[in-house]
Amino acid sequence: MITKQYRLTLPAYPRGMHLITRSIEELFDGSVSTGIAHLFLQHTSASLCISENADPSVRSDTETFLNDLIPESYTKFQHTYEGSDDMPAHLKNMLVGTSLTIPVTQGRLALGTWQGVYLFEHRYHASKRTVVITLQGEPS
Amino acid sequence: MITKQYRLTLPAYPRGMHLITRSIEELFDGSVSTGIAHLFLQHTSASLCISENADPSVRSDTETFLNDLIPESYTKFQHTYEGSDDMPAHLKNMLVGTSLTIPVTQGRLALGTWQGVYLFEHRYHASKRTVVITLQGEPS
Amino acid sequence: MITKQYRLTLPAYPRGMHLITRSIEELFDGSVSTGIAHLFLQHTSASLCISENADPSVRSDTETFLNDLIPESYTKFQHTYEGSDDMPAHLKNMLVGTSLTIPVTQGRLALGTWQGVYLFEHRYHASKRTVVITLQGEPS
């Protein structure tokens, strides 16, 4: 077995869900045939997630629902000096998640037909985001 | 270290939480002694999760609570053509999760006494579900 | 590649979020240089999570929000004989999570600048908590 580790810098995205499946797979050089790919976001106000990759309304409905579930208008927040979207961003990150582990089969992510990998940006004005990608498995 | 990868096809379950700990462990042939087991569901409208394995009311309370948190009656959903349970299913999957990683010790899942592995089916009329299982660790 | 596995027993913490980054890293003996660290909590009424490590108000806001989202006063719970905080604890665990996987780079957790690892205790009167830690990667 071998380990390969990469750092992927994603551009500053607008708030919402952004498909990054291809950006992840482009890093692979085929050196790991069977194993796992671990994706880790080094930030606490955006998330990594898997979601339906076909109908864009799934993404907008997800965004709408989460914004209602964790509203900026929630009056009990004390951590407000970084903006009204900051504390909701931390909570969305906690519920949606910081990392993903996906099986690798024949050198590719073994996603289901309808699954896509997303960066879910929770801030209105975000910076670049760093993802650490670790591949572990049997070499080709 | 070695990698073993399996595909497990689960039957079409009714909506709710279904204990699959035994189905997972039956796949193990004892070839990995110490390491991790990664379970990945290739679907976006059901979840994999760990929950209390003793009192069935924990499962029914969990189902009740999640149905209230993400109701089919939520009027803002636009993605409705696959049924009123589809968009709630995607959201439950995003909050509960698509995959699990569990330590393996002495060839078995190192679960706590009260922990069980569940397929959480979010659709009323689901099909079979595929789980990709990757074992990585020291051989026996 | 090598696998190292440890068991960490955490003291009985009061309800809330407790930073354990250092307790995890103290276990490392530097034998794994590049790879992943998997942390698994063997309990269903507390969580492991990553959150902002700087401003304590992020922790208290998180606790406040989750307590409002999953209130002990929710009248539909049937699983109440272990206390009014037990079923909310199981639900918080399901939404926040039982395990974390974090990349290891140069023998250390590759966390972002503002990320800390937390035990999130959901019970008022908890016991000790056990975390199984599995390190996998290239040796130093």
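Which chain is which? They are A, B and C, in the order written, and residues in each are numbered from 1.
Note that in this section a contact is a pair of C-beta atoms (placed from the backbone, for glycine too) under 8 Å apart; a residue touches a chain by one contact, two chains touch by 3 or more.
Just so it is clear, the model here is predicted, and its values are computed rather than measured.
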| item | value |
| --- | --- |
| Graph class of chain-chain contacts, one of line, ring, star, complete, other | complete |
| Same-site or different-site touching of chain B by its copy chain C, using the half cut | different |
| Centre distance in Å when chain B and chain C are each reduced to the mean of their C-alpha atoms | 20 |
| Multi-chain contact sites of chain C, meaning residues that touch two or more partners | 1, 69, 95, 97, 101, 136 |
| Sites on chain A touched by chain C in the complex | 1-3, 5, 38, 40-44, 69-70, 74, 76-79, 87, 90-91, 93-95, 97-99, 101, 130, 132, 134, 136 |
| Complex interface listing, chain A residues touching chain B | 1, 34-36, 49-52, 55, 57-58, 60-62, 64-65, 68-69, 95-97, 100-103, 105, 110-115, 136-138 |
